[in-house]
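Consider the two complexes below, in which subunit A is the common component and subunit B and subunit C are the respective partners.
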Partner chain A sequence: MLRKIKPYLLLFPAIITIVLLFFGGLFDGFLKSLGYFPAIGETEFSLKAYSSLLQSVAFWDSLIVTIRIAALSAAISAILGAIVAVALFMIQETSKSRALNFWNRLFQLPLTIPHLVGGYVIVLLFMQSGFLSKILAAIGVIDQIPDFPVLVNDSFGWGIILAYAWKEAPFVALMVYPVLARIHKQWRDVSRVYGAKNRDYIREIVVPAILPAWTVAAFIVFVFTFSAFEVPFLLGVTYPSMLPVYSYQLYSSGTLADRPEALAVNLVLALLTVLLGLIAYYFSKRWNVLKGWE
Partner chain B sequence: MRKLALAAAGLLALALGACSNEANDTAANKTDDLLASDWETIATEAGGQEVNMYMWGGNENINRYLDEWVAPRLQKEYDVELQRVPVNDAQDFINQLVDEKSAGKKQGSIDIIWINGENFKAAKDNELLWGDFAGKLPNFNEYIDPDALEVAEDFGEPVEGLEAPWGKAQFVFVHDEKKAAEPPKSMDELAEWVKENPGQFTYPALPDFTGSAFIRHVLYETTGGYEQYQQPAADIEDLEQRLAPMWQYLNEIEPYLWREGETYPESLAKLDQLYASGEVSMTMSYDPALAASEVMKGRFPESTKTFLLEGGTLANTHFLSIPFNSSDKAGALVAINEMLSPEAQTAKLSPENWGDLSALDFEKLSAEQQKAMNEVDFGTATLPLEELEGNRLPELSSDYIEVIEKGWMENVAKD
Partner chain C sequence: MKKNYLPAKAFLFLFLLMFIFLPFIPLVLTSFSYNWIWPNAMPESFSLSAWDYVLFDNSSTWQAIGVSLLIAFIVTAVNIILAVPAANAFVRYPLRGKWLFEAIIFAPIVIPPFVAVMGIHLTFLRIGLTETIFGVVLAHISPTLPYVVRAAITSYSTLSVDWENQARMLGAGPFSRFYHVVLPHLMPGIAAGASLSILISLSQYLITFIIGSGQVMTLPILLFPFISGGDPAIASSYSLLFAGMAIVALLILDLALKRYYKKKQAAAAIKGVRE
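Showing the complex of A and B:
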């Protein structure tokens, strides 16, 4: 009997934590977004926060910016990640395992750096009075510091996209590379026999093989950047801000009575994230990331 | 099988709940007695307690002063261990306390909080503070005049002993003498200066504390003085119209700000960074000696100076308080008392440590203690104490600040 319940017992602490902290927090936020807030004497439910949110221009501006930045970050990091993975794959064929190991580690490096630190690195490097701008001014590429393009805290969001592209590309590569590593060496030889050049080989064999895993990875990046806070807080503009920052602004300015709206933003975010997650899950199932390998 | 496991878990939870409830009740009774007991008893009880102090952690000097000056002394003299818990904004722990209160948590982890203004008002309104404790502290009774306006009121809100003054701050502008030789003396002159030097000035985006304080100066100067705002915001019927000249002023200078006002630094730390790297020529601080200590550290240029407006700048008192559910209230009392001692306040005054103005009544200090305070070296970037003293404006009560912070997003940032 012990053997039967052992897995459950082992899972118990993790499940309790998740249920209590995650779902508990979500549920609490949901109640408060409906205006139920006993600590300040509000015990009635209403959809007021949601209706005023959906009617505010700031919310829609913020949503558009969020979608734009998340989509671009996902697209750019997906392309970079795929290039890295394919490059690693090509190196694997030609070089010794030690060199391969080195490149592998190098590309994995950004994975170990927290987003907040990564964001701050981008600030220090790319702001107009930043490291890069000062070097360029010193060697005479630009005349003075303000000539450096505005890449951080710009209203388009390039700073945020840059940070995510740099941070997430290795993640995409990490998702794609194992699939590539499963491609048998012989396939390459066979393709050569049939006269395929490098380019044909990549197009006909490598790309179709990685496509499912690659799309799913890009989707994960999209969903993550959609709801993350610290990078847009550091690198974004005051207005319009990305949704998580918008929620923070609502939450931290004004009175306790403004909190339902801030939490409504979070709930909308959570809902959209779940929806996007379901779509990603659907595609990964349908395309069966590892189809044809087993 | 599964049912059994569930039942077991349920029982366990019940048992745990019961235990902690009991512990809570006795602890609560004990701490309520604390306000009635004498200082000796409190000091004895504090021995061995671990006190968690939740405070804004954005300044290394302040952090170091607590970790390296205050904490070791508390440990040595009272066996009280002071743990500093840094937060980004005082609002964070107010939020936490609100949550703990609605969850019925009686044994919280927060023992001391560093607050004032709107956060004090929020804490007081929601009954998040322990009680009238200031009068218990020997150093408060000896060195502080409880009836002085800056001690009895916090941004217009009566303090009622719920918090003890820790220090005073005054708003100053910081400029680089080489880039702005003659700094503006009023908001009108600032507007002119900004227009003549486009891209060289900005302020932190609200709700940043310092950015919000900057805007209050604009309010006072563009709408005709602070006197009219000494009543509750709700009593002024045409408040929105009265605020209009302030929004107009801010929108007028916006195109000449850093990055053409397209965005604002999200924090004072970012603005300081911009100033330190030479991207803008001015920054600001609600701490008159901060610039001096940044110069000492080599972060700000040597030519950094501070200036006030002719009409004066905002000054306020910041306080220490104890939350309703602190687990180590005796330790918290001892720690706060120690931070109000003349020695701790003199050390705090020095820009090397922090440069924060003393909360004590200078007249009540002994000749020796006065001398020690007068001997503190403020560096070249700090204005003389008399000049600061003579140009103080009262703070605005927090109901206005809420209106202004919300209005800024709508009226200035969005446009």
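Showing the complex of A and C:
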């Protein structure tokens, strides 16, 4: 008997912790988004928060901004990440393993930098009177501060996109690089025997090989950007804000009436991320991204 | 063929360097600058006053670092205690409804944890967990635990049961089997999971802010007002300190792991001599 339940006993502490702290929180938030809050005497359920949310322009604006920023961040970091991975791969072909180890570690540096710091780096670089603007002024490309485009705290969200592109490109590289490293040297020789030029080799062999890992990595960046708070809080504008920031604004606005709505935003956000997460999981399993081939 | 490789390689090198280092240049320069105005590409005068303020004048800096590290280490210790048995169950036993347990444990990777924290906030408030370090520790567990479990699973899946059986045949009890056979094997995985756990805990802002209500001062809480429109020199110094704190914490963990193995090796060597 004990043998049978032993694995469940081993699992129990971790499971109960997550169930209480995480799912408990989700459920607690869900009840309150329905207006059920016995502590202040509210014991009735209503969908008021959800219906007013779906009718509010601010919510839809926020959703659109969120999708736009997440998609652009994912696309740009995917391109940069692929370049980084290819760069690492080419350096690897001609250098010793110690140097490579060094480069690998260096590359993970942006990954270990906290998001707030990453965001601030982008502020200093790209704000109108920032480092790039100063350099451009020093070499005479621009004459005044307003000549430099507004890239930080702009309503389009370029600052947020730049921050994520920089922070997440190494992540994409980290997902793609192992696949590149598994492409055998002989394949290149074989392709040459069959008359493939460099360009053909890349198009016919390298690109199809890295495509699954690359797509999944970009998708993970998309889901992450979709639901992250710190960077848009620092680099965004108050309106239209990304969904997590919008939810926080509602939650901390001071009026109790906004709180169910904030929690409703959170629930929508949670459902969307679950959906996106399941899609990513499905494709990574189907394409065997993490296992690869022999 | 090799010849036209060289310029391409030089270009790649440059790209990599620019990509990693360029963003840090203004951060470092600003932290040492004094009143750096546009359009000077370099600060006109350097000064240590921002660093002086951050490291010595403002006593809350060291306190905040202490609180941040305290929370990160408690969270990580709890995570390890929870994760190792769970990983054991996942890897070594046939489980019914395994997918469900996995879905529960790994859910906080997909669903943003602040959703759960905002939901539980008022309950925490009622039972007096807000504004306490304990409350913040509880809030930091769900974003970090999944990573530790995953790392422990990876370690367990390369550990053969045969080794434990051998130890059992030699008369080792369950405790000494775990301590002398299982733990050394799991150590690198646990260290990797712990690094992630520490890193994630140290960089939490929103969750700490909601549960700590501004009373539990971790470094990110202390630094936020500076980077959102405070003095750039001080903000830069704080940012570097913040990034440095995370990296140093990871290096210490790395060193501790190396020492652990050295000790093990030394102990084994001594035993070998005795026998």
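Everything below uses one rule, namely that the second predicted complex is superposed on the first by the 270 of 294 C-alpha atoms of A that agree within 3 Å, B and C clash if a C-alpha of one lies under 4 Å from a C-alpha of the other, contacts with A are read in each partner's own complex, and residues count from 1 in each chain.
Keep this in mind: a residue touches a chain if its C-beta (ideal position, glycine included) is under 8 Å from a C-beta of that chain, and two chains touch if they have at least 3 such contacts.
It should be emphasised that the depicted structure is a prediction, and the values quoted were computed from it without experimental measurement.
Novice: In the superposition on subunit A, see if there is space for subunit B and subunit C together, and answer fit or clash.
Specialist: Aligned on subunit A, subunit C clashes with subunit B.
Novice: Mind working out whether A:Ile145 is in touch with subunit B, subunit C, both or neither, as first, second, both or neither?
Specialist: A:Ile145 contacts both subunit B and subunit C.
Novice: Compare subunit B and subunit C by how many residues of subunit A each one touches, and report the one with more.
Specialist: C
Novice: If you stack the two complexes on chain A, which partner ends up touching A:Pro114: first (subunit B), second (subunit C), both, or neither?
Specialist: second
Novice: Based on the superposed arrangement, let me know which partner A:Leu234 touches: subunit B (first), subunit C (second), both, or neither?
Specialist: both
Novice: Quick one: classify A:Ile5 as touching subunit B (first), subunit C (second), both or neither.
Specialist: A:Ile5: touches subunit B, not subunit C.
Novice: Taking the superposition on A as described, I'd like to know which of subunit B and subunit C A:Leu267 touches: first, second, both or neither.
Specialist: second
Novice: Who does A:Ser62 touch here: subunit B (first), subunit C (second), both, or neither?
Specialist: Neither subunit B nor subunit C is touched by A:Ser62.
Novice: According to the stated criteria, A:Ser284 is in contact with first (subunit B), second (subunit C), both, or neither; which is it?
Specialist: neither
Novice: Looking at the overlay, what does A:Val223 touch: subunit B (first), subunit C (second), both, or neither?
Specialist: Touch partner of A:Val223: subunit C, not subunit B.
Novice: Pick one for A:Gly130: touches subunit B only (first), subunit C only (second), both, or neither.
Specialist: Both partners, subunit B and subunit C.
Novice: After superposing the two complexes, find the one stretch in subunit B that runs into subunit C, choosing from 8-16, 44-52, 80-88 or 386-394.
Specialist: The overlap with subunit C comes from subunit B residues 80-88.
Novice: Where on subunit A do the contacts from subunit B and from subunit C line up?
Specialist: After superposing on chain A, subunit A residues 8, 37, 39, 123, 129-130, 145, 233-234 contact both subunit B and subunit C.
Novice: Could you pull out which subunit C residues touch subunit A in their complex?
Specialist: On the subunit C side, the touching residues are 5, 8-9, 12-13, 15-16, 19-20, 22-27, 29-30, 38-41, 81-83, 85-86, 88-90, 92-95, 101, 104-105, 107-108, 110-120, 122-123, 126, 138-139, 141-142, 145, 149, 199, 202-203, 205-206, 220, 223-224, 227-228, 232, 235-236, 239-240, 242-243, 246-247, 250.
Novice: For subunit A, which residues count as touching subunit B in their complex?
Specialist: These residues of subunit A touch subunit B: 1, 4-5, 8-9, 12, 37-40, 57-58, 123, 127-130, 145-146, 150, 153-155, 233-234, 236-239, 249, 252-256, 258.
Novice: With touch defined as at the start, can you tell me which subunit A residues reach subunit C in the complex?
Specialist: Residue list for subunit A touching subunit C: 6-8, 10-11, 13-15, 17-19, 21-30, 32, 37, 39, 80, 83-84, 87-88, 90-91, 94, 103, 106-107, 109-110, 112-117, 119-125, 129-131, 133-135, 137-138, 145, 166, 169, 223, 227-230, 233-234, 244, 247-248, 251, 262-263, 266-267, 269-270, 273-274, 276-277.
Novice: List the residues on subunit B that touch subunit A in their complex, please.
Specialist: Per the stated touch rule, the residues are 1-2, 5, 9, 89, 91, 98-99, 101-102, 122, 126, 199, 205-207, 259, 262-266, 270, 273-274, 277-279, 402, 405-406, 409, 413-414.
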